[in-house]
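What follows is a pair of complexes built around chain A, which joins chain B in one and chain C in the other.
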Partner chain A sequence: MITNKVWGVRLRTRARGRALVAGSLAGLVLWQVLAVIVGAVTTQGAHVVPPLPTIFTSGITGLSHFYKGGLGPATTIEGAPDSPGLAALAVGQNGLVTWGRFWAGYLLAVGLGLPAGLLVAGARPVRHAVGGVAGLLRMLPLLAMAPLFTLWFGATGRAGVLFVTFGAFWVVLLATSNAVANLPAHVTDYPRTLGLGPVRLRTRVVLPAILPQLRGALMLAAGTAWACVLASELYGIQSGLGWALNQTLVYSLVDQMIVLALLFAGLSLASLRLIDAVTGHLTRWTE
Partner chain B sequence: MRTTPSLRIAAILWGAAGFAGLWALWELAAFGVANDAVLPGPRVVLWQFERHAGGDRGLEFLGVEHSSYGINLAWTVGTAGLGWLIGSALGVAAGLGAARRQWLRDVTEPVLFVFGAVPVLVVAPLLLVWLGAGPVGKLTLVTFYCFVVVAVVAQSAALNLPPAVEEYAATLGLDAAARFRAVVLPAALPAIVAVLRLALATGISLQAGAELLGPRVGMGRLISLRAQQGNVGEVLSLSITLGLVAVLLDTAVRAAVAPALRWQG
Partner chain C sequence: MSRPTGLEVRSLTVTYGSGPKAVTPLHDLDLDVPRGQFLCVLGPSGQGKSTLLRCLAGLLAPTAGTITALGEPVTGPSATRGMVFQQDAIPGWLRVADNVALGPRNRRLPESQWRPRVDHFVEAVGLRGRERAWPRELSGGMRKRVAVAAVFANDPDILLMDEPFASLDHLTRQGLHRTLLTLWQETGKTIVFVTHDVDEALALADRVVVIAGGGVRADAVVPFPRPRTDDLRMDATANALRTNLLHHLGV
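Moving on to the complex of A and B:
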C-alpha cells in the first residue's frame, strides 16, 4: 500500500468534509459581521449587505413577485401578499424553466456533438479542417453573444436552448474528436479484423473506449451550458431564475439576489453531480 | 509521436480549407436567408467593421464614452488580461499549495468546491451593486473566475502525480523544496498551461458578458447597444473581433510557455 508519506511527511492532501462545513459556517459568520459593520457605518448598509435574518425572511418571501400565476393562487400583482408559499411557487416555476432549458440544450449539444466528433475524427483532413474552425468558434466571447440569439430567435425559451446548445456543442465535438485521435490503433484494428462495419465499430467499440476520456469534457460542457443558460436569461428572456436575478439587479434587491444565486448554484451543483454519477456508472468498467 | 514537416503543412492547408469552407457556408446561408438584418454575409460584416471600427457618433449619443473599436477592445482585453494575470498567479500558488499543505486545502476547499462547479457569472449582479459599473467589479469577477478555475486544475494536477515518483526523488536525496521544484512543478505544468489558456479565453468572454450589464465602455457594452438596435452584423463583427484577439493572445501564451514544455516532445 502506498503510504503517501516520505520520511513521515505526508505528500498528498485530501478533501475533508469537516473543512467544507467549517468553511461554510465561517462564511456565514463573516457575512453577518460584515453586514453589522456596513449597516452601522452607512445609511443604506442593510440593503447593500443584508444581515442573515433579512436574507432568510424577506429575501425568500420577496421572491413571491416572480410567481406569474397559472398554478392556483393569485399573484402579487393581483393583490396577494408576499408569502413563503408564493415564493416556493415562484422558485418552482422559474427553477423548472431554467432546469428544462439547461437539460434540453445540454442533451442536444451532447446528442449532436458526439456523433459529429466521431465523424470528424474519422478522417485526418476533416479533423484538421473542422478542428481549426471549432477552435476559433470556441474562442468567441460566448457570454456576450447571448443577445445575438435573442435577435435571431426572439426573447423565447427556444433562443435560450439553442444558445446553450451552441455553447456546449463545440466543447463536446472537440473533446470527442481528440479522444478518438488519442485511441491506440489496436483498439480499432482488432475489431476490424473481425469484420465490424464502420457504424458498429464507432457505436460498439470507439464510443465506449473514449467515454472515460470524455467524462471531464462532459462536465466542462455542463459548466458552459449553465453559464449560457444564465447569460441568456440575464440578457433578454423573460422567465427563469436568471431573469429573476436580473430583476433583483434592476431594483437592487440584494437579499433576494443572494437567495436566487444560491438556488442557481444548488441546481448547477445537482446537475453536475447527476452527470458525474451517470458517466461514472457508464465507465465503471475502468475501475 | 512527432509530426513531420509535410504532415504539419498538410494540417495547415486543411485548416485553411476549413476556414474557406466556413466562409462559403456562411455566404451561402446569408444568400438563402436574403435578409442582411437577420443574417448578413461575411462580406457585409467585414464592410460594417471597416465602416465603424474608427468610431460612430451614434454610439456616443447613446452614452458610450469612446466609440472607436480599438479603445473598447483595449479596455475589455486589458481589464480581462489584468484579472487573468492576478487570478492565475493566485490560483497557481493556492492550487499547488493546497496539494501540499492540508491547512491550505481546508481553507480553499469550500470556495473551490462551490465555484468550481457554479458559473461565476452568477455573482456578477452582486459585484455590480457592491463595486459599481466601473472596471473594479469586472476586474474582481475575472480575477475570481481565473483564481478558482486555475486553482482547481493546479491542485488536481499536483495530486495526480503518482507518489512513487516523488518517493524515488526523495531516495535521491532531494528535500521537499527541491522535489517541488524539480518533480511536482514540471509534472503539473502541462495541465496548468492548458487551464491558463482556457482561463484567458473564458476571462475575456466573462468580461465582455459582464459589460453587457451596463458600463459606459467596453466591447460588451457596444455589443449590447448594437443588439438593442437590432444590428446583427455589428454584433457579429464585434464578437468575431474579440474572438480573433483571444486567438492571438492564446497563440502568444502558447509560444511563451513552449520552452518550459519542450520536455514533453
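Moving on to the complex of A and C:
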C-alpha cells in the first residue's frame, strides 16, 4: 500500500514535470515562430517580438546598465562592458530592493490587517462601517493611487512600502472581519467557559480558527502587494525591478523588458509559494 | 441535612425576539442544584434545555431572574463553570494534550502544577498514547473524551453538559457514561447534564428534572445505587419512574 502511494506520487510528479517541460518548450517554439512572423522593429531598431537568441544574450547582458555600483565591480557608466556577471549583480541589487519592499509592505499589511480585522469583527456597526469604507476604496482603481503616494511621501522606498501596505491591508482586514463573523458560536463559547479572556480568546482561538479561511485572502493580498510594488516603482523611485522595467519601456529595450518581466513573475511566484507553504504549515491540522 | 447549594436559579425568564414573534422558552423558572449533585435535565426539543444551560454558563443573559453559582451571581462565563457542548467544540488546531491543557495553561500556572493534572485526565479518559494526535484523527467518541478531559482538567466547580453524547452510538455512549461517572465520583463536581434520553438520565443522574412549557414540569430523585447496569430496565421501580418521566415529556 505504501509502495502504491509512493508510486502514485511519483507518477503524478513525473506527469506534472513532463507537462511543464512540454508546455514551456511549446511556448518557446511559439514565441520564436511569432518573432519570425512579426519581424517588426521599434524606431530604435529593437524587435517588437525579439527572437529567443536575442533575449538570451543581449536581453540578459543588457541588464548590466541597471547595476548601480557599490558591490565591487565598476558600473557601465564608469566604462565597464555589459556582461552576465554585471547583469547578475544588477538583478540581485534591484531584485533585493523590490523583494524587500514587497515583504515589508505585505507583512506590515498582515500585521495591521489581522488585529484590525479581529477588533472590527467584535462590533457589528463598526464592521459594517469599515466594510462600507473598504467597498468605496475598492471602487477606486488602486494602481492609479500610486502617484498620490509618491506625492505624499516622495519618490522613496518608504512611499513604495506604504503603498504596498495600503493595497494589501484592506484585503486582509475585510477577509479577517468576515471570517470572524462567520465563525460558529461554539468555537468561541467553549474557550470562554474555560476562562479565556478577550485577548487570549482572539489570539489563541479566533485567529487559528479563521486561518484556513484566510489562506486565500493572504494569497490575494500578496498578489495585490506585487501589483502595488510594481506600480510604486514605476513612479519616480530610482531602484528596483519596476524602475528597471520602466527604463526598458522608455528606451524600447524589449528583450530586457521580457527578461525583467520573467524575473518579476519568478519573484512573485516564489513569494506566493512561500506564503502558501507557511500558511499550509499553520493549517496542517485541517488536512 | 441538605447539601450546600451549587446553583440557585430564581424566576428565570428568557425571551428571544420581541413583539408578536417573541419566543419565551423559559418563564419564571426556579431550580436549586445542591453541590456535588448529578442532575439531568430532560425535555422535548425546543423547550429551553440548552437555553437554561447557556444561562447557567453565563453565555446568555436572562431576560429576567437571577442565577447564583456557589453563592456568586452569574454575570458571564467563568472557569468555575465548565461546559461540554453537543457540537465538536474542541479546537481542531490543538493536539489532544494541548486541548486538555488549554484551560489550565490559561491560568498561567507553572507547568509543574498543571501538567500532572492534564496527564491524569488524559489517562482517565483512555487517551494515553494519543496525546500528539490532532482532533481530526480521532473518532467522534474520542473527541468527546478530549472535551470531557479538558473540562475536568480545568477544575471547575460546576460542569454543564449539553447533550454531549447525543451523536454517538450506544456502545461508545455507554463507555463515556462509565468514564464520566468515574470522574464525577473522583472529583465530586456538580453536574448539570442535558439530555432528551430518559434511559441516559436514569443511568447517570442523582436527580432528574423535566423542563417543558417554560418551567420545571417534574422533579424526581433517582434512587438506584451505582453502578447501574442494563438490568435497571427490568426493575419495576425504574420502569415506573421512566413511565412517569415519559408522561411528563408528553410521550
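To be clear about the criterion, the second predicted complex is superposed on the first by the 263 of 287 C-alpha atoms of A that agree within 3 Å, B and C clash if a C-alpha of one lies under 4 Å from a C-alpha of the other, contacts with A are read in each partner's own complex, and residues count from 1 in each chain.
By our rule, contacts are C-beta pairs under 8 Å (C-beta built on N, C-alpha and C of every residue); 3 or more make two chains touch, one makes a residue touch a chain.
Because the structure is a prediction, the values reported are computed rather than measured.
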Counting only touches as set out at the top, which of chain B and chain C does A:Thr286 meet: first, second, both, neither? second
The chain contacting more residues of chain A, comparing chain B with chain C, is B
Which superposed partner A:Pro184 touches (first chain B, second chain C, both, neither): second
On the A-aligned overlay, A:Thr193 touches which partner chain: chain B = first, chain C = second, or both, or neither? second
Partner chain in contact with A:Met139 - chain B first, chain C second, else both or neither: first
Once the shared chain is lined up, is A:Arg158 touching chain B (first), chain C (second), both, or neither of them? neither
May I ask you to decide whether A:Val205 touches chain B, chain C, both, or neither, giving the answer as first, second, both or neither? second
In the complex, chain C residues that touch chain A: 57-59, 77-79, 81-83, 85, 87, 89-93, 102-103, 106-107, 134-136, 150-151, 154, 160
For the chain A and chain C complex, residues of the former touching the latter: 184, 186-187, 189-196, 200, 204-205, 208-209, 211, 283, 285-286
Please output the residues of chain A touching chain B within their complex, sorted ascending. 2-4, 6-7, 9-16, 19-20, 22-24, 27, 48-49, 124-126, 128-133, 135-148, 150-152, 223, 226-227, 230-231, 234-235, 245-246, 248-249, 252, 254, 257-258, 261, 264-265, 268-269, 272
For a test of understanding, state which residues of chain B touch chain A in their complex under the given definition. 10-11, 14-19, 21-22, 38-39, 98-102, 104-107, 109-111, 113-114, 117-119, 121-126, 128-130, 159, 163-164, 166-167, 170, 176, 201, 204-206, 208-209, 211-213, 219-220, 223-224, 227, 230, 232, 235-236, 239-240, 242-244, 246-247, 250
